[in-house]
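The structure follows.
Chain IDs A, B, C and D follow the sequence of writing; residue 1 opens each chain.
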Amino acid sequence: MSFFVTDIWVIPALPLLAFLLNILVLRPFFDLSNRDKGHAAEAAAAHGAQGHGANTAAGHDEAHGNVGDPEQHDIGHAEASPDDAYVRALDTLDGHIDTPAAIPRALRTAEKTPGGYALVQLVEDAEQHPHHPHGSPTIWARINGYMGILFMGLAFLWSLGLLVALMQNPALQRGETVPIYTWISVAGLRYPIDFYVDSLTAIMLVIVTAISLLVQFYSQAYIEGEEPRGYSRFFAWLSIFSLSMLLLVLSSNFLLIYMGWELVGLSSYLLIGFLAKDAAKPEAGRPSPGAAALKAFVVNRVGDFGFLIGILILFTATGTFVFTDIPARLGPINLALLTVAMILVFCGAVGKSAQFPLHVWLPDAMEGPTPVSALIHAAKMVAAGVYLVARTFPLFHLAGPQALTVVAYIGGFTAIFAASIALVQIDVKRILAYSTISQLGYMFVGLGVADTIGPGIFHLMTHAFFKALLFLGSGGVLLAVSMNQDMRKMGGLATRIPLVAFPFLLATLSISGFPFFAGFFSKDEIIAQTWEHGDYILYAMTLATAFLTAFYMFRLWFLTFGGKGGKFGGLWGGEYRGTVAVKKPDFRVWLPLMILAVPSVFAGFWGWSSVGGNFNAFITGHPLTPAFANPFTSPLTIFGVGASLLGIALAWGMYGLQVVPRNVFVSNPLGRGFATVLWNKYYIDEIYLAFVRYVVMGLSKVASFFIDRRIIDGIINGAGSGVVAFGRGLRRSESGRLQNYGAAIFGGTLVIAAVFFAVVYFGK
Amino acid sequence: MSWLLTILVFLPTVGALAVMVAPQGVVKWVAAVFTGVTFLLSFWLYIGPLVHMGFLGPLNNTGGFGTVMSPAWMDASPWIHFTVGSLQLNIDYRLGADGLSIFMLILNAMLSFLAVIGSWHIDKRPREYMALLLILETGVMGVFCAFDLYLFWLFWEVELIPMFLLIAIWGGRRREYAAWKFVLYTIFGSAFMLGGIFLIYFMLGGQTGIYSASFAFLASHQVAGNLLVGGAAISAQLAIFLLLYLGFAIKIPMVPFHTWLPDAHTEAPTAVSVLLAGILLKMGAYGLIRICIDFAPAGAHLFALPLAILGAVNILYGAGCSLVQQDMKRLIAYSSVSHMGFVILGVAAAVGPGATNAAFKEAALTGAAIQMFSHGAITGMLFFCVGVLYEKAHIRDIDVFGGLQARMPRLTWIYTFAAMASLGLPGLSGFVAEYLIYTSVYAIYPAQTIVAASAMIITAGYLLWMIKRSFYGPLNPHWSGIADASILEMAPLVMLGVVVLIVGIYPGWLVDLLRPSLHQIIQNVNGSVAGLHR
Amino acid sequence: MLLSLNSFLVLGALLFCIGLFGALSKRNAVSVLMGIEIMLNAVNITLVAFSSAFQKSAHGARLTGQIFAVFIITVAAAEASVALATIIAVYRRRNSVDVTDINLMKW
Amino acid sequence: MDLASIVFLVFAAILVGSALAVVTLRNIVHAALFLVLVFGAAAGIYILLNAEFIAIVQILVYAGAVTILILFSIMLTQNPNSRSSNPLNRQALIAAGIAALLCAGIIFALSQNGAIAGSASQAVTANVGNAVNIGTLLYSPTTYSYVLPFEIATLVLLVAIVGAIVIGREEE
C-alpha cells in the first residue's frame, strides 16, 4: 500500500501545524507585540488621512446611499429599468435579523454620550471603516501567511500524490481504513477517530487542498486591502477551516464526520464574522458580519440537529459509527426507520449545502471577506453536504426509495428556486451565492436520480473550480472598485481589468453550460439523468434552471464587465457607472484566477468518453453508459445547450446589445409583483425572523419571566413572606409589658389545666 | 500515604486559619499557596495509583482506580458509636476516593486555586474572603470523598455556611436575597435528604442487623420491601430515592427547583460564581450518581422515566430561558441549568429499562460523569470571562456593549472559545459529554433525546447571540477606553481552556479513570432491576 | 366543719386570685407590687394551713410549711425592697410609675 | 358554731374584703392602708392556725417594714398630674376573667380531689411549743435542719439590701 494512503494523517496535520504555529508561536510572540506598538501610529495616520483621499469620500457616498450622482439616477430611476421595482423595494426594505432591534439597543447607552450615537457612529465609521484600510501587515503576519500557503501547498502535493497513486492502483480506489486512535471506548461501544481513503476521498482532497491553496495565495492581497490588522488571524482561521474540512472528508465514520461537520461550522462562523467591526447596512439589505456569522452557525445547527438524530438512529440500531460496517450490522432494521434516518442525515446536508429551506444563511455569509466566500462556496462548507450524501450513498441505496427521492426533489426545487432569486439581485456576491445554492441543487438532483454518485460528484468538482474562480474574480472586482458590491455602480470593467475579466468570462461560460466548457459536461449529465430515469418534472426543473442560470450569469457579466458601448455588442468593456477610480489588482489576484481557469474549462473532459474521460469509473468503479459518458450522442443535449444559449442570448440582448427593453418582464403588474417577491427572496427570511422572534423568543420569555419569575419564585417568595407575615403577627404578642406576659402565663396555666382536666375526666 | 485524603480535606482549613493570622499584605499569597499546594497534592490521587500499577499500565485489568467497594484511596477510623436500646448509631470518619471521586476532587482543587487567582482584585475584607474560600474548599472536598453517609451529609452542610457568607457579603445589589434563597432552597432539600439517610440507614440496619452508613456497605446491600405512606404501599427504595434525590435535585438544579441558581450566580462575586457553577452543582450530580442510583437502584429504576422527562425539560427549559436574558451572568446561569440537564438525562438512561442495553447505559452514565467535569471547566471559563468584563465595565448587561472585539481581542477569542465549548463544539470537552449522552440515551429514551438535542440549536443561538451583541459590530463609543484582559486574568482562562481541549481531543483517559466505578454502579442497577422484574 | 383545711385553702385561693388580678390589672407599679404581696400572703396562708393540718405524723411534728412561710416572708421583704428601689429609679428617669409605659421586655 | 369558726369567718371576711379594696380602690394611699389590714388579718389567721411565730414575723415584716416601704415609695413617686393615682390598665377585664377562672378552677379542684379529701376535712388543732420547734428546725447544727437555706436566705437579704441601695440611689 502506498505511503500516501497509510500516512494520510499528514494532510490534516499540515494545516493543524500551520494553525498551531500561527496562534501559539508567531502570533503571540511576534505579531501581536509588534502590532501593539504600531497601532497608535497607524490609527493616527488613518485619522489624518480620512476625508482627504478621493477613495474615502467616494466610499462614504456608497455606504450611505445614492446621493447626487446623475449617472446613478440615470440607471436607477430615470430609465425605469427592470431594476426599478426592486430598487424601490430596496428603499422600503426592512432589515435583517439584527437591524431593527440592535440599533436602538446600542443607543441605550450611547444616548448618554454628548452628541448622540449617530454622530459618533459616523466618526467611528470613518475611523474604522475597513474599506479604507490603514497600515499594512507586519512581517510576522506575512510569515504566518507564507507558512499557511506553504503547508497547504504540501498538503496539496500529498493529495495529488494520493490521487495519482489511486489512479495507478485501482485496488486502492475501493477504500482503505486508516486507524488513528480510539476516542472513547465504553462497554464495547467504540467511538473511533479513523480515516478512510478511497477515490471519492482523493478527489475531494485534491479539490479542497487545491482551492484552499489558491485562496490562501489570493488572500494575501485581499486581506491586505480589506483588513490588514487581522492578517495573521485570517490565515489562522483559514488553516482551521482547511483542517476541519479535511477531517470531514477523511472520516471513516459518523463520529468524525460529525466532528468535522461542526468544526466546519465553527470555521465558517469565524471567517464570516471576520470583519467584526462592520455594522449592518440595511439600506443595501446587508446584515453585519457578526449577524451573518451567527445566522450561518445557527441555521447550520438546525440541519445538524436532524443529522445528529439520523446518526443516533443508525448508531443505536447497529452499535457502530463506521460507514462500511453499518450495512452488515443493520440486520433486521426496519426499512422505514432506515429511510427516516437517511432523510435526517440528509437534513444535515440541507443545512450545510444551503438547500431549501435552510438556504437562508448562505447569501448572508457573503458578509465574510470574498476569499472566504470562495472557499465556502467552492470547496469547503457547501460541498460537505454533497460529500456527505455521496459518502453515505450505500445507505441511501439500502433505504427506501423515498430517501433519494427527497434528496432529488429538494435539490431540484432549490435549483430553480435559488436561480429565480438570483435573477433580480444587484449585489455581485449575492448573485453568485444564489447561483451556488442553485448549482448545489443540481448536485443533489444528480445524486438523487442517478444510481451512482458519479454525476453529482462530477458536478461538485467542476463547480468547485469555476465557482472559486467566479468568487475570486468578484473579489478582484471589489478590490478594483473599493469594495462596492452594487452592480449599478460598475460596468465596462472588462477593458479596465482584463486580467480578471478574461478568466471570469470563461467561468461564466462554464457555469452557463456553454458547450465544451466544464460546466456543460457535468450539468448536462445530470439533466440527462433525470430524463433517462423518467423523472420529467425534475427534467423540466433542471432545464429551466439551466436557462435561468445562463441568463442571470450573463446579466451579471454584462452589468459588471460589459455594457453599452463595449466591444462585441457590449460583451467586452463599455460604460463605467461608478465614481471610484478603478485600481488594477496585482499578480496575487489574477494568478490564481488564471490557474483556476484551466480546470474550469477543461475539467469536464474527464467525464467525456470521446477524449478518454472515465471519471465515473474512477469514483465508483463502474463506467457510465455511453449515453451519459458522451453528451453528443444524446439528442436531449440539444435542449440543454439550447436552454443555456437562449439564456445567454436574452441577457446579451437586454444588457449588452440593449435591443430588448429592460422592462419587458416587469412592465405588467404581475411581473412587477413577482419581481418584488423575488427581490425579497420570497420573504423567507422574514418568516423565519417572525418565527424566532415571536414563537421561540415568546415562549422563552414566558418561561423565563412568567413561569420562573412569577410562578416558581412566586411560590418561593410567597412561602417566605407567609412565614414573615406570620412571625410579624406573632411579634405583636411580644408587647414588652410584663403584665401582658403575666396574663399569658396564667392564661396558659388555665389552658393547660383545662386540657389536663379534659384528658383526665373525658379520657376515661 | 493513606493520610492524603485527610490532608486534602483539611489543608484548606489550616490555610483558612493561616489566612486569619497572616499579615494583611500576604493574605492572598497565603491563600494561593495553600490552594496551590492542595491542587498539586490532588494530582497524586491520579498519579499515585498509576505509579502503583506500573505507570500507565493496563487500567482495565488491574481494576483501575477501584470502585466504591474498594476505592484506590481510603482513610477511615471509627468515630461516633453509641447504642441506646435497639437504636444503634454508627458514624465513621471514612474518606475514600475512587475514579468518580478523584476527578471531581482534582477539579475542585483546580477551580479553588483558580478562584483565588481570579479574586486577586478583591479589596473588600480580603482576609475573610480568602478564609471563607478555603473553608468552602474543605467542605466540597469532604463531600466528594466522604464515604460515610452521615459524614457526607455533614460536609454537605458545612459547605453552605461559607457560600452563604460569600454571597451575602461580597455579592451584588440583591446579594442578601440571593444568599437567603440559596440557603433556604438547599436546607429545604437537605432536610429531605437527611430523612432519606435515616430511612436507608435504619431500614437496612433492621433488615441486615448491621447498622452502618459506610458507602461500601450501602452499595453492597439493598433495602427490600415496601413502605406504608398514608395507607398506600410504595417501594422503600423509591421512597429513599425520592427523599435523597430531592436534596440533590435542588443542587443540580432541576426544574422547577432551579430559581435559586440565576439569583445566586448573578449576585455572587466572579470567583464564587465559578465555584458555584463549577463545583457546587456537581455535588448534586455526584450525589445522584454515587448515592441515589447506587444505593437505591430499584427505586431509581422506578423513577427513571420521570427522571428522563425532567432531564429533557431541564435542557430545553434552561436553554429557552437563556435566550431572553439580558444579564450575561444570568444567561450563563440558565445555561448551567440546561447543561446539568444532560447529567439527569444520562443518569435516567443508566437506570432506565432494557436489560439488553447495558452498554448504552454505561455509556450514558459515563457521559453524565464527563458532563459534570466538562461543565465545571467550561462554565468556570464563562464566568471568568464575564468577570473580566465586569471588572472593567462594572456592568454585565449584554446590550450595553457592542464591538468590543476592537478593544478586547484576547477576551473576545477566549470568550468565543468558552462559548463554543459550551455549545458542544467537537474537540472540546462539552461535545464529548453531550455526544456520549445523545448516542447512548437514544437507545433507551429516544423521544427525550430528540427534545434534548433540539436544545443544541437554541444553545448555539443564545451563546453566539450574546457574543455577537457584545463583541461584534461597530464599537460602542462608550467603551472606547476599555482595556483588554490582563495576563493575570487570562491565566485561569487559559488553564481551563487547556483542560477543556485535552478532554475534548482525548477523552479516553477520563473514561478509563471512571470506568470501574461506573461499571460497578451499572452492575448494581442491572442486578436490582433484574430482581425487580423477576 | 368550718376550720377544716379546705376552708383555709379556699381562702388562700381567693386571696391569691385577688392579688393576681391586682398584679395584672394595675397601672401603678406600687399597686402591682401590692398585688404581688397579697399573692405571697395567700401562699403563706396555704402553706401554714397545710403545716397545721398535717403536723401529726409518724415522724413527729411537721413544721416544713411554716419554715417555708418564713423563707417566703424573708424573700418577700428582700423583693419588696429591691422592687421599690427599682420603682423609684424608674420614676426618677421617666417621671412616671405607669408600667404600661415600660415595654422594654422584648428583643 | 364555735368561737374559733366565728373568729375565722371574721378574719377571712376582713382579708378578702380588704384585699378587694386594695385592688379596686382608686386612691393608692387608701389601697396601701387596706394592705396593712390584709397583713394584720393574715396574722390573725396564722394565730388561728397555731402558728404564732409566723404571725409575729408577719406583723413585724409585713405590717411593719413592707408597708412603710410601700408608703414611702408612694410618697416619693406621687405624680401630681394624675387624677387617679391607682388606675386600671386595658387588660383589666381579661385579668379579672383569668383570676376568676383560676379561683374557680382551684376551688373546683379542691372539691374534686379525693386524694386530700380525707384530710381536707381534718380539723386544724393546737400545736404547743411551735416557736421552739421552728427554732430547732431552722438553726439546729446537729439534727436535720434548714441551716444552709437559712444562711442562703441571709445572703439573699444582703444582696437585696445592697441591690436596693445601688438601684435606688441618686445618680451623680
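General observations
We take it that a contact is a pair of C-beta atoms (placed from the backbone, for glycine too) under 8 Å apart; a residue touches a chain by one contact, two chains touch by 3 or more.
A quick note: this is a predicted structure, and the numbers were derived from the prediction, not measured.
Distance from subunit D peaks, on a Cα-centroid basis, for A.
A simple rule picks the central chain: find each chain's mean C-alpha point, then take the one closest to the mean of all protein C-alpha atoms, which gives B. Each chain gets one centre point, the mean of its Cα atoms, and the points for subunit A and subunit D are 103 Å apart.
For this pair, subunit A with subunit C, the centres built from the Cα atoms lie 97 Å apart. With each centre defined as the average position of its C-alpha atoms, the distance from subunit C to subunit D rounds to 5 Å. Averaged C-alpha coordinates give centres for subunit B and subunit D that are 71 Å from one another. Touching two or more other chains at once are residues 20, 24-25, 99-100 of subunit C.
Shared interface positions of subunit A, defined as residues touching 2 or more other chains, are 739, 743, 746. The set of subunit D residues that touch two or more partner chains comprises 89, 91, 94-95, 98-99, 102. Across the assembly, chains come into contact as A-B, A-C, A-D, C-D.
For subunit C in complex with subunit D, the residues that touch the partner chain are 1-11, 13-22, 24-31, 33-35, 37-38, 41, 44-45, 48-49, 51-56, 61, 63-64, 66-67, 69-71, 73-82, 84-89, 91-92, 95-97, 99-100.
Residues 20, 23-25, 32, 99-100, 102-107 of subunit C are the ones that touch subunit A when the two sit in their complex. Every residue of subunit A that touches subunit C in the complex is listed here, in rising order: 734-739, 741-743, 746. Within the complex formed with subunit A, the residues of subunit D that make contact are 89, 91, 94-95, 98-99, 101-102, 105. Taken together, the subunit A residues at the contact with subunit D in this complex read 739-740, 743, 746-747, 749-750, 753.
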